[in-house]
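Take a look at the structures below.
Next come two complexes, and both contain chain A; in the first it sits with chain B, in the second with chain C.
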Partner chain A sequence: MARSIFPNPKPPFYRDTRTIAVLVQLVFLVGVLLAGWFLYNNMTTRLAAANTTTGGALSWNFLSQTAGFGISEGPAFQPEESYGRAYWVGVVNTLRVGLTGVLLATVVGLLAGVARVSNNWLLRQLAGVYVDLFRSTPLLVQLLFWYVGVIAALPNIQDAAELGNLGYLTNRGMYLSWPQLTATGLAWNGWLLGGGGVAVVVAWLQRRRLRRSGRLGSGLLAGVVAGGIVAAAGYAVVAANATLPTATTYELRRGDRGTLFEDRNGNGTLEPAIDQTLAHVPITLYGAQDEVVAHGSTEQDGTFRFADLPAEAVRLTWSTPPPLVLSEPQRQGFNFRGGVSLTPEFAALLLALFVYTGAFIAEIVRAGISAVGKGQWEASRALGLSTGATLQMIVLPQALRVIIPPLTSQYLNLVKNSSLAIAVGYPDLFNVSRTIVNQTGAEVQGIVLVMATYLTFSLVTSLFMNWYNRRVALVER
Partner chain B sequence: MNKRLTMVAISLLIIAVVYSACAAPAPAPAAAPAPAESVATEPAAAEPAAPAEQAGSLIDTVKARGKLICGVNNQVPGFGNVDANGNYSGFDVDFCRAVAAGVLGDASAVEYRYASGNDRFTLVKSGEVDVLFRNTTWTLTRDSAEVGMEFMPVTFYDGQGMMVRKSSGITSIADMDGATVCVQSGTTTELNLADVFRAQELEFTPVVFEDNDKTLAAYDEGRCDGFTTDKSGLVSSMTKMADPSEHMILEDTMSKEPLAGAVFQGDPAWADAVRWIVNGLIEAEESGVTSQNINEMLGSENPTIKRLLGVEGEMGAKLGLANDFMVQALTQVGNYGEIYDRNLGPDTPFNLPRGVNALWSQGGLLYTPPFR
Partner chain C sequence: MATGIPPTHWVNPNPPAPSQKPPATTVGGIGWLRAHLFSTAANSVLTLATLWVLYWIGERLARWLAGAFWEPIWANRKLFATGIYPSEQLGQPAVVLLLVCALFGLSAGRWGSIMRTVGIGLAALLLLLALIPLGGMAQAVMAAGLALLLGGYWLGARGWVASRWLVAGWVLSGPLTFVLLLGGVELPLLGASPAVDSSLWGGLMLTMLLAVVGIALSFPVGVLLALGRRSKLPVIRYFSIGYIELIRGVPLITLLFMGMTMLPLFLPGGWGNPSQLVRAMTAITFFSAAYLAENVRGGLQAIPKGQYEAADALGLSGLDSLRFIILPQALVKVIPAIVGQFIGLFKDTSLVSLVGLLELVAVAKAVIQQPEWLGVAGGVAKEVYVFVGLIFFLFSYGMSFASRRLESKLGFGKR
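After this line comes the complex of A and B, so read on.
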C-alpha cells in the first residue's frame, strides 16, 4: 500500500479538467443564448415600434395575397396569382437550374478528373488548364462573363443566327425545334409509361442472366430495344385511332388570339378548352366570304395567337394532328413562339454553375483515383484487363468511397450558389423572395422562408448522398 | 505549451477589453440625450442602447451623432448619382442636405448610403438610415403598417413611361403585345407594368434586375423590346446609353408616381421635423425666399416669411429644431425651385420642364400647409 507522494490527491475543482470542460461549455452556451436573445429582443422591439397597429406580430397572411408582378420563366404564372404561388415558381426555378447543374457538373467533373490522370499528355494538360482557370476565379465574375460577355454578344432577335433547321440563336435566348405531344398524343403517354416499365424489367432480367453466366454488361441495350418496341407499337395504335371533335363556329376574343372551344357535354354549348387537351392542333381561320385568313396551330396550353391578322375572321376549323409534332420556333411579333426556348438568364446561370463546380469535382475525382493503391492497377493489368475496364471495375468503385463525402459538399454548394441568379435576373427563389419582401414588408418571414427552403434542399441532398455513401462504403465483417 | 496557451488567452482578453473600451464611446453619445435611468443600473453596455434608441426620437440620435444618414440612389443622374470621386449629387440628394442643414445646421453632415430598390424599406425599418430620399413612390401598402413607412410631402410628381427603340415600330403600349420588357425589381413600376398590360389584355415577359444600371444595360444590349421606369428616370437613363438617338420614350403615362421621402413609421417627432423642412423648401419658393436674397428677407415684414425664417413664432422649437432651421437649409441648399433647376432644370442635360411640379399658384401641384 504505497502512499501518494502528493499531499492532496484530489486537485481543486478549478484544476480538474472534467470540471473545466463542463464550465467552458456552460459559459459558451450562455454566451450563445445571450447573443440569440439580444438579437431576438432587438427584432421584436423594433417590429413593435414599427407596426403600431399589429403589435409586431409576424403574420404569414401575405402568402395568399395577390402578387401583382410577372415572372419571366418557369411554371406558368399570372400577376393575379398569390405571393405563395410566386414563391413556388421561384422554388421550381431553383430546382430546375440546381438539378440540371448537378447532373452536368458531375459529368464534366468526372470526365475532367479522369482526364487529369490520363496517360494522354494533351488531355491531361487541357483538363489541368480547365480546372485551374475555373477553380481560381470567383463564381460571380464567371457568371457575369457568361451573361454579359458571351450571351449578350449574340446577334439581336432581328438578325437571329439560324442553327440549320434546329432553331435560332439570339441574345434573347436559344429557340429550338422540339417534338411535342399534341391533343391526340396524350393517349400515347400511357404507352410511353408502359414502355419504360418494360425496359426496366427487361434490362434487369438481362443483367441477371449476364451475371449468372459470369459476363459483364448492364442489359441497358436490351431494355432500350424492348421499351422502344412497345412505344412504337403504341404510337401506331394512337395515330390510327386519333380523332378530335370539330367545331365550325368560332368568335375571336381579340382579333388575333383566342382559345379553342369544344362541345364537351355533347349538348351544343362550346366551352374553352385550356386544360392542355387541345395542344398543337392545326387550325385554319376563314373570313366572311369563306376565304382563308390564316393557318396556324395552337400552343401547349390550347391557346393560339396570330400577330397582325389582315382581316376579322369569323369561322375557324381544326384538323386532327398526329400524336407527335415537331414544333418549330417561328417569329411572331417581338419574339419567337413554338419549340422550346432557353433564356439567356437560365443559360448563363447553368453554364456558370456547372463549369465552376465541375472544376472542383474534377479535383475530387482525381484525388479519389489517386487514393487507390498502385497495386490495384498493376494487379488488374496482370489479369489482362484494359485501362477502361480497370477504371470502371476496379478503381472507380474503390475511389467512390473517397469521392462521395466531398462530392456531397459540392452538390450543396452548387444549389446554394444558384442564389447568385439575382445578378443576372433569373427568377430563382431568392430573387422572387426579394421582390415579395419588398412589396409586403415581411422581411423576417421572407428570410425564414428562404432559409428553411435552402435548408430543406441541403438536408435532402445530404440524406440521399449519405445513403449512397453507405451503399458504396467498404462493408467490414 | 500550456504557457503559450495562457499567453494567447491573455492577449485575446486584452484585445477584447481594448476593443470594448474603444467601442463604448460610440453608443454613449447616442444614449446621452435620452433619459439616463438605465445607464447606472444596467452593467451590460450593449443592452440599454437599444431601448434608449426606441424611447427617444431620431432627432436626438441624429443631433448626438452629428451626422444624418440618408438612403439614396446612386445610379440615376439628376436624382441620386455618385461620381468617380464618390461625391453624391442630385435632386434627392439635395433634400438630404436640406434636412441635415435644418437639423444639424450643416448641409455637408450627411452620410449617404446606397438603398437598392429591394432593400430601401428594410434599411429604414431597421434604422440603418434615418431618412430615405430615393425616387420612392408613395403607395398605400408602403405607407401602411405592413411595410411601415411614414411618407414625407411629395417632392416630385412623376408617371411611369416606356422607352423603346425607334426602329421597332412601336408607337404606344398597345403595340407591345408579346414584348419583352426590362424592369427593376422591388419597384412600383414592376407592378404597374403587369397592371397596364393585364388591363389591355397584352402579353409580356418581364426581365427583372436588381438595380437600374443592370436593367438599362440589358435593354441597351437588345435583351428587351422596352425599358420601363418613371419618366424622369427614363430621361435620366438616356444620358447613360450607348446611342440615345436610337431610342424614344412613348407618350403613354402608365401610372401616377408621386415620389416622396420616407422615414420610420414609429417616430412621429422625427417625421414632423423632416416633413416641415421639406414643406419649408416649397414655402420658401412660394414666398420668394432664395439662397441669394435670404439676408434681405430676414428683415422682411411679411409675417409668413418671418415665421418661415424663425424671426418670430418659435416654429423650430415646436419641432424640436433650432428656430432658424429653415435659414440654414435655405442658405446652404436653396429653395425647392433652386434645387429643381440645379439638378433638372434648363442648364442640365435633362432640361425637364416643371410641368405638374410647378407651384400651385403657377398651375402645378406643389402646395404646402401654412407655416403657423
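After this line comes the complex of A and C, so read on.
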C-alpha cells in the first residue's frame, strides 16, 4: 500500500465534520430536553401548589364528569351529559360553520376573482373595492360589526323583515324556508341512495365512453341526470303508495298541543327511546261537537301546537304527507316555528368568515387566471376553440395548479379563524373548551385538546388537498 | 456635411390621404364607455347590474352616513389613541412618537425605498392630525413630529448619518420606548415621573407596539428556524419543522389564551407573574416566528445554488457565507413578504382584546358601552366599528400599497 504524501491523512476526530454534526445534534437535543424538563417541572410544581385541577394535576378524568352547563346550539346537549360530549358538540359546531363558510367563501371568491379580471371596467372596480376593503381590516372588527352593528340592529320578531317566501330576518336570528323530509320521506331515502349510486356508475361509464372515443368531459352531467331520474321516479312511487304506520297515534294536551307518533310498543304513551315521532304530517283538529277546530301539520320533531283556537280540541285526524315538503317559518307568539333557523351568532360568524376569506380567495383566483399567459388564450383561439372550451380545457387546468396550494391554506385559515366565535358567544370547540377549563381548571389539558383538534383538521385538509393537487398537477417527465 | 453631393429630394408618389377625425364612437368619453362598459350585449347587462348593485349599496350608505352619530368617537379620541394612559403623563408617549418620527425621517432619507413611501404616508397623517383641533398639546406634538420627519429626511438624504448608526438607533429605540412608557425613573428631559403600569397602555399605541414588537422579536427566532428547517442535521431540521407546523396549525387565539394562563405556570415559583402585556407579547412572538420562518425560507430557497458553491470556493466558513453571501440576498428578497406578514400581525393584534388588553377593538367595545350613548337610537356600534375598521384599513392598505411599489421595483412577478 502506497503511503500518503500527507503527514496525517485523517483529521483529528474533533475536526471531522461527521463527528461535529453528531455532537451538535446531541448538544441541541440535550438542550431542548433540559428546557422541556425545566418548563414541565415548573408547571407541575405550580399546579400542585395551586391545586385547582379536579382529579390530580394532569388527569383526563374530567372528560367523563357531568358538564352542568347547556350549549345554545348544535347537536342536542343536556347539562347532565359529560364534558367530553360537550367538547364533541363544540367540534361539530366548528365543522358546521367551517364547512358552510368554506363553501360560501369559495363561491364568493370565485365570482369576485373572475370579476377582478373581467373586461367590464365597472365590475372590475367594484370587485377591487370589495377585496381591498375586506382584506385590510381585521376579521374581529368585521365580525363585531356584523354582530353588534348589523344583526342586532335588525327588527325584533314582532316586526320581522320578510324576505318574500324565503323567510324572515330578525335580531334574534334568521328563519328560512327549507325543504324537509316528512314521515313518509323515510321510504324515499332508499330511492335517494339508489339514485346516488346510479349517478356515480353512469358518470363513470360515460367518462369511460368519452375517453375511449378520445373526447374530453367528465360525464358528470349524465350522472346527475340519471340519478335525478331515479330520485324523481322514487318520489312519484312513494307519494302514490306510502302510508303512515298503522300504529300511528297521538298525544293531545291542553286542547291545543301534542305529538303525533308511531306507537311501536302499543301502550298509547310516547316513549322517545322506542316510539318514532312523525314529521310534517297534515292534521285536522276536532272539538267536542265534532266541529273542525284547526288545520295544520306537525313539526320536524312530530309535535304540533296551535294558538288562539276557538275551542279546545279533543281528537285529531291525519292524512298522508308527500315525502318532501317546503317547511315555512311561522310566527307563534315570541318565536317562529318551522323552517330552519340560524342564530344571530352563527349568522354573524358565518357572514364574517366567508366575506373575509372570500376576499382573499378572490385575489388567489385572480392571480391564478393572470398566471396563464396571454399566448395560451391566443393559441387556443388560433386553433378555433370557443371561449368556453378555452376556459375549460386550456386556462382552468393551468390556473388550478396555481390556485390550489394557496386555496388550501385559506380554507385552513377559515377553520382556524372560526375560533373567533368566542367574541360573539357561538359555542364552537374553542369557546366550549374555555367553559370547560373555567369550570374544571384543567388548563393544560384544555389547551392540548384544542391544539390537537385544530392540528387534526389541518392534517386532514392538507391530505385531501394534496391528493387533489396531485390530480391537477402538471405531469412531468 | 460637406460631401459635395447635392441632397436629393425624394417625392412620395402616393401622398397619404388627408387625415380624418376618428369616429366619435371610438374616442373620448363615449368611446371609452363603449370599449369598457358596453362592448357586447352581455357586457352591457353586466354594467347595468353592477350599477344597480352600486345604487343599492350607495343609497343605503348615504342614508346611514346622513344619520350617523360621530360624537362618541370625537369625545373619546384620547382613549382611541392611548387607552387609559394617565392624561398628565401623555408627554412620555409623545416623546416616543417624536423619536420614531425622527428615526423614520432619517431612515427614509438614508435608505429610501419602502421607508420613503411609508414616510410620505406618515407625513400626510401627521399633517392631518396637526390641522384637526384635537386639543391640548396633541396638535403641537403632531406638528413637531412632522418637522422631525421632514428634517430627518433632509439630513438623511444628505448622508449625514451612517447606516450603522441608524440601525443602532432603531435597536436602541425599542428598550427606550418601554423605559419612556413605563416611567418611574429619572429621565433627562421629562424629569421624574410616576411609574405607569403596563395594564394602562391601550388604544392605537398598544396596537402598534404589539405589532412592531411581534415582528422585531420574532425576526431572529424566525431566521434561525428557517435556517434550521434547511439544515442537513435531522434533529435540528425536525425540531424546526415540528415547531413551525405546530404553531401554524393552531389559531393565534389559542396561543394567546395559552400565554395568558400557562406562561406563568412555566416559570419557576420565585419569578412571580409576568404582566398581561408581556404574556401577550410572548404569545405573539412565538406565533409570528413560525410564519416569519416560512417567509425567510422562501427567500433562502430563491438563492441559486451557485451562490453557496461560490462561497465555499472562496473558502468562507458556513457562518461567514451565511452572513456575507446568503442572508443579505435572501432577506432583501423577502422584504415584501415580511411587510405582508406585518400587516397580518397588525390586524391580528385585535385579538388581544379578547384576553383583556385595551387595544383598539377593546376601546371600541368600551366606548359603545358608555352610558352617555345609551339613548342614541340604533346604538353607536356601527359608527365606532366603522371608525376602528377605518384606522386599521388606513395602516394596512397604506403598507400594502408601499409593499406593492417595492415589489414592482424589485422586479418580482416580472421574470
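In the analysis below, the second predicted complex is superposed on the first by the 337 of 477 C-alpha atoms of A that agree within 3 Å, B and C clash if a C-alpha of one lies under 4 Å from a C-alpha of the other, contacts with A are read in each partner's own complex, and residues count from 1 in each chain.
The criterion applied here is as follows: a residue touches a chain if its C-beta (ideal position, glycine included) is under 8 Å from a C-beta of that chain, and two chains touch if they have at least 3 such contacts.
Just so it is clear, the model here is predicted, and its values are computed rather than measured.
Colleague: According to the stated criteria, A:Ala232 is in contact with first (chain B), second (chain C), both, or neither; which is it?
Modeller: neither
Colleague: Quick check for you: in the superposed arrangement, does A:Pro79 touch first (chain B), second (chain C), both or neither?
Modeller: first
Colleague: Considering only the touch criterion stated at the top, classify A:Ala49 as touching first (chain B), second (chain C), both, or neither.
Modeller: Both partners, chain B and chain C.
Colleague: Of the two partner chains, chain B (first) and chain C (second), which one does A:Ile157 touch, if any: first, second, both, or neither?
Modeller: A:Ile157 sits against chain B, while chain C stays out of touch.
Colleague: Touch check for A:Arg434: first (chain B), second (chain C), both, or neither?
Modeller: both
Colleague: Quick one: classify A:Ser136 as touching chain B (first), chain C (second), both or neither.
Modeller: After superposing on A, A:Ser136 lies in contact with chain C but is clear of chain B.
Colleague: On the A-aligned overlay, A:Val201 touches which partner chain: chain B = first, chain C = second, or both, or neither?
Modeller: neither
Colleague: After lining up the shared chain so the two structures overlap, which partner does A:Glu443 touch, if you call chain B first and chain C second: first, second, both or neither?
Modeller: A:Glu443 sits against chain B and chain C alike.
Colleague: Quick check for you: in the superposed arrangement, does A:Ala423 touch first (chain B), second (chain C), both or neither?
Modeller: A:Ala423 contacts both chain B and chain C.
Colleague: For chain A, which residues belong to both interfaces, chain B and chain C?
Modeller: Shared contact residues on chain A (touching chain B in one complex, chain C in the other): 42, 45-46, 49, 148, 152, 422-423, 434, 437, 443.
Colleague: Using the touch definition from the top, list the residues of chain C that touch chain A in their complex.
Modeller: 36-37, 39, 43, 46-47, 50-51, 53-54, 232-236, 239, 246, 248-251, 253-254, 257-258, 261-262, 264-269, 343, 347-348, 350-351, 353-354, 361, 364-365, 368, 378-379, 381-382, 385-386, 388-389, 392-393, 396-397, 400
Colleague: Touching chain B in the complex: which residues of chain A?
Modeller: 38, 41-42, 45-46, 49-54, 62, 68-73, 79-80, 148, 152, 156-157, 171-172, 254, 256, 305, 307, 332-335, 337, 344-345, 422-423, 425, 427, 431, 434-435, 437-443
Colleague: For chain A, which residues count as touching chain C in their complex?
Modeller: 21, 24-25, 28-29, 32, 39, 42-43, 45-47, 49, 118-123, 126, 132-133, 135-142, 144-145, 148-150, 152-153, 412, 416-417, 419-420, 422-423, 430, 434, 437, 443-444, 447, 450-451, 454-455, 458-459
Colleague: Help me check something: in the complex, which residues belonging to chain B touch chain A?
Modeller: 46-47, 50-51, 54, 117-122, 125-127, 141-142, 145-148, 168, 176-180, 185-186, 190-191, 193-195, 198, 201, 204-210, 214, 217-218, 221-223, 225, 264-267
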